[in-house]
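Reading through the structure tokens given below for one structure.
Per-chain residue numbering starts at 1, and chain names A, B, C and D are given in the order in which the chains are listed.
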Amino acid sequence: MSHNSFGHLFRVTTWGESHGPAIGCVVDGCPPGLKVTEADLQHWLDRRKPGTSRFVTQRREDDIVKILSGVFEDDRTDGPRTTGTPISLVIENTDQRSKDYSEIRDSYRPGHADYAYDKKYGIRDYRGGGRSSARETAMRVAAGGVARLALGPQVTIRCAVVQIGPNKINRDNWDWDQCEQNPFWCPDAEAAAQWEDYLDGVRKSGSSCGAILEVVAEGVPPGWGAPVYAKLDTEVAAALMSINAVKGVEIGAGFASAELTGETNADEMRKKGNDVEFLSNNNGGVLGGISTGQPVVARFAVKPTSSILTERKTVTKDGEDTDIRTKGRHDPCVGIRAAPVAEAMLACVLADHKLRHRGQVG
Amino acid sequence: MSHNSFGHLFRVTTWGESHGPAIGCVVDGCPPGLKVTEADLQHWLDRRKPGTSRFVTQRREDDIVKILSGVFEDDRTDGPRTTGTPISLVIENTDQRSKDYSEIRDSYRPGHADYAYDKKYGIRDYRGGGRSSARETAMRVAAGGVARLALGPQVTIRCAVVQIGPNKINRDNWDWDQCEQNPFWCPDAEAAAQWEDYLDGVRKSGSSCGAILEVVAEGVPPGWGAPVYAKLDTEVAAALMSINAVKGVEIGAGFASAELTGETNADEMRKKGNDVEFLSNNNGGVLGGISTGQPVVARFAVKPTSSILTERKTVTKDGEDTDIRTKGRHDPCVGIRAAPVAEAMLACVLADHKLRHRGQVG
Amino acid sequence: MSHNSFGHLFRVTTWGESHGPAIGCVVDGCPPGLKVTEADLQHWLDRRKPGTSRFVTQRREDDIVKILSGVFEDDRTDGPRTTGTPISLVIENTDQRSKDYSEIRDSYRPGHADYAYDKKYGIRDYRGGGRSSARETAMRVAAGGVARLALGPQVTIRCAVVQIGPNKINRDNWDWDQCEQNPFWCPDAEAAAQWEDYLDGVRKSGSSCGAILEVVAEGVPPGWGAPVYAKLDTEVAAALMSINAVKGVEIGAGFASAELTGETNADEMRKKGNDVEFLSNNNGGVLGGISTGQPVVARFAVKPTSSILTERKTVTKDGEDTDIRTKGRHDPCVGIRAAPVAEAMLACVLADHKLRHRGQVG
Amino acid sequence: MSHNSFGHLFRVTTWGESHGPAIGCVVDGCPPGLKVTEADLQHWLDRRKPGTSRFVTQRREDDIVKILSGVFEDDRTDGPRTTGTPISLVIENTDQRSKDYSEIRDSYRPGHADYAYDKKYGIRDYRGGGRSSARETAMRVAAGGVARLALGPQVTIRCAVVQIGPNKINRDNWDWDQCEQNPFWCPDAEAAAQWEDYLDGVRKSGSSCGAILEVVAEGVPPGWGAPVYAKLDTEVAAALMSINAVKGVEIGAGFASAELTGETNADEMRKKGNDVEFLSNNNGGVLGGISTGQPVVARFAVKPTSSILTERKTVTKDGEDTDIRTKGRHDPCVGIRAAPVAEAMLACVLADHKLRHRGQVG
């Protein structure tokens, strides 16, 4: 990962600030000949779109993605296809309310990147968080839509929210179909009902809460990844960690593996037809940095939204004490909106490793 | 990260198999003029060395590091210094016992990389794990020694084991000096005493257990890191995740932040002299991917050693069911040995970001 | 260089096809705090603009560059400045004449990339050359405008055309000011007058000719570059070679150095005040891959425009023999238009090495 | 290219100074399963070895290459094979004559990297040129041996010297077999005879001369390379330009294309059986940055050896005027020894592009 790009053969570069004229990305290295339309990518963006329930920010943006390059419809063929050249995607920022930014211009919001950016660069686009805004993740979702095409239909990637604040799901109730039927990407219908009450309380009090999400890729063949520094789990961890507000990542049994014994942790194997069956998946689908053919399973923690209505202590740009509270639209639990983003990041990492594996091994 | 290298300006490439003639690394991009001797690097390697207590593998290797390039002693100056050209470091493998590898040649050890490597490459150096052996981490430690020189004395990097199996330290007892006085890098003298009994039991039963470690860098100035994909915490997470057997990484409050409220999580700030003081460090020293000047704090989980004496179910290379147990020398808790490795990885990431920050911002 | 990007710390990614909706680039890693406006970049684009004389293509495009990100005007400061985040630049394609592309869709134009693209990707945006069109170089020029800001006023970069077809300049007449006073970037007023007649002949006959250009950077301090693979001259050569239709690059004495003796070739040095003076510049400002403080001097050859009015033998997409001639607008000597592009590429390489040197050495 | 590495999927990193204990390289990303022995690589090194005729340096080094990792012989198979993990190659420096370096320690040799290195790094391993010595190219040759295996037998790479000083070959006499039968890699037996006299004169006078070489790859299929910045010819140019003392590179017709017309330059095509035949190869096997299936042809110029017996003007490290002449062993025409190096560099670039193409396109 360098600056604002990630991936090696399937490489994504994003650009844009929250309140600039547009945000966008360039997807470089995509295989040629894949059928793709703007509507295909819009499908994924619509799942991320704010303003869809009372539990996410009411900032309204249509987030209409446009394809500016890298896709071509030959007049003798059956629809637009990728050409193998860079795919430029752009979303115009349409909801740039003219407002007074003087408070966040002059004071550092605790938990936000304001202070760190100023210390690094000496200048900061303070409007809506600028480059550090989660708005950037829209482009990850768009790029992830391309990555899914590069992966093909045999790979399925889904993300679920498994904990909001202190409230965990009951894993016995897990049903992926539920994720699309509640506003929380929650696979447990009972938990979703409880979360609704819980989050209403959080929202009304002007507070916020964190979340834990689980993202799973099924259909990944064995052999993707690499030893040592380009391990598949290393790059999955980096990809998830790079999402705004993420503070922890784990693969398979993750932190719980500290309490397991060697006997229970090591996933045993048995012959199954002409193939091999693992009797458990504590490794999360990755051994030695390389996929095993089991589902790739990762979890990550998202901290509470830093923008809250309660006043917090901070300092001004000039180093004076002050207090600040964040007015306006915000998510009570920004973690909910990370689900489509995590899917997209996992898709991009897997697409990159698919191509890298094919490059080295054929 | 690509293949067997990591870092951008301060870039480390490692090579070597567990039972080949040698292992080594190339450290490219190191600033010139830094005083360094083989003894300086040996200091760090000695802290990682196996065979020092009954709680780590009895495989005995002196692990003597040699500097083959990139360091030069001008006969008019006061000792060898880095020249800015690539530093080649090598350790000969002296303890390559001639032994029978036919079992691990033909059967896949559960929890190890054997199956995944074979599926990827169709060939595998099975002697002692080959490239997937933790032996590779010796070179990370050597490279980390160089990174510490590039960071200079104002940055201090230390790692502690905070949990072994289910046994956590009492953080009120935290004393960094203790880490050098017990065989566990444990900062809590009471916990260390308990762990001794616990690990003796694990060892005698031929089993193994996992661990959680905490690595901390103090003295990091604000401004290192970058937004979005080259976030400092993203690269710290990747660096730790790339260590053998690591299954989870968290920064600052980490997974616990899911249960915090926005009010408690966002680290408040106050003026302190001409500087700024944070009133807590849930962010782990990083905001928006950029260092804040607070200590950089990360934790990571290491799974139980996969090599155990109990028989486990597995398959042969030819796909037939069999059972396997790992004879010979092994660590009851491989996590203990990860402490010097984690320090080294954090040092390398920070050195790289120091140079990258200086490159962009001056 | 990877795919559609180049540079390490100052990194440029371009995208877009000749007849798509737009072309653009992302400049990542630019130092923060540099004053820049769209007009500053437009200045350089206007020097590249087609349609300005009868010697360049009459395709008319205003080539108006827009800054979409990475530049911010704080309302308390004196104009927009770079923020250190990625700078997205875009130019809309306004002159996409609706026309019949069936001939170049079905047949491969000799000298063009048509055949190679189809063999590689199996699909090709044939409208106006698509990705292989020299239109892409507009974004290099825009990025080069940013690079010049990163270099600062002490570095001056200029390019001259020194040969058109078989007609060379007289180097004794060299006057940089002349370059801006004729349509050929020719530093020799006499040669420029001759070239006018020569090119009129070429143009009227529907033929084309090649050119040789010289690009010079003055004010580069000693120490930029690196040994072995990231040599300054290596990266300058790559940058120039990547420009459409370039078939050769040389540094300093270049190919002529084959005929020099060791005595004449090695640039002697003498003390000059507190500094060092070189008595010649056969090295072209670079020794061992590192700048010496002398002007960096490179020359490159551009092949004749491949689009000509005369019929040439070729094959169709289906492998049948046919003949083809290129109708419509084209440059009789595309080399002329490479001058602003070469300046831009040299600026980008130098900016990258400035930052890389600062990163490693401080 | 970054620092001391090049290539993306097939990536080579070299290290080592002329008079340090050893030089070496790491070849990362090599496909697994390729049969390779030390003798296979030694074959290529022996072709580069100094001390084989009076026309090359009498420095005697056996240059015995050892494989330290990445190659494994399974006891059930038919010889050692690559495993897909990094291949570490090393050559010990055995001819480190103890001698007096005080002159080149204190004074800058004109034409050498001495001055530039000191200006960049403030420190320099002056023994035999240190990192800037052509000794580094031995590792390129070793890596090139691996690259040839990755390319397979269908790709043939050969290099010829086509000009020494002012003396060109007669291309009508071209016979590749001759290259192995004279000490100049000269494909023209008559020219070789003349060069012998010419170089004896150069050598006896203590002077030196330059050379031009041509390197050709046959059997490259169409489709390798990429548009815009990772063009195949761009990377070939960079690879050749990175060789010590190279001052110019050209592809196909190269600089001569400036004097061609569009009609003669554009290589026409005709059907040939089920394939396509080009009627000329001015493009040098590359169009739009992508291979066409024709031979890839590049030429490059090597400047005269900078180490000569005649005194030249220079300055000391302290900035005082002095004169210097280079005593001891040197090549009268260092260009001759570049032939095996150029072959190796072309092999590495092609191997990398083979893997990259396979990665993206399958």
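One rule holds for everything that comes next: a contact is a pair of C-beta atoms (placed from the backbone, for glycine too) under 8 Å apart; a residue touches a chain by one contact, two chains touch by 3 or more.
Everything numeric in this text was worked out from a predicted model, so none of it was measured.
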Query: Between copies subunit A and subunit D, what's the superposition rotation on C-alpha atoms, in steps of 5 degrees?
result: 180
- line: Greatest centre-to-centre gap (Cα means) from subunit C is with chain B
Message: Counting only Cα atoms for the centres, state how far subunit A is from subunit D in Å.
response: 45
Chain centre separation (subunit C, subunit D; CA means) in Å: 27
- line: Per the C-alpha centroid definition, the whole-Å distance linking subunit B and subunit D comes out as 38
Message: Where in subunit D do residues touch two or more of the other chains?
response: 2-5, 8, 14, 29, 32, 84-85, 120-122, 131, 227, 361
- prompt: How about subunit B: which of its residues touch subunit C in the complex?
  reply: 8-9, 29-32, 84-85, 227, 355-356, 358-362
Residue numbers on subunit A that touch subunit C, as the complex places them: 2-5, 8, 11, 13-17, 20-24, 26, 28-29, 32-33, 66, 68-70, 72, 74-76, 81-88, 105, 120-126, 130-131
List of subunit A residues in touch with subunit B within their complex: 1-6, 8, 14, 108-113, 115-117, 119-122, 131-132, 136, 163-166, 202, 207-212, 222-231, 233-235, 237-238, 241-242, 247-263, 265-271, 274-276, 279, 282-284, 286-293, 301-308, 310, 312-315, 319-321, 335, 357, 361
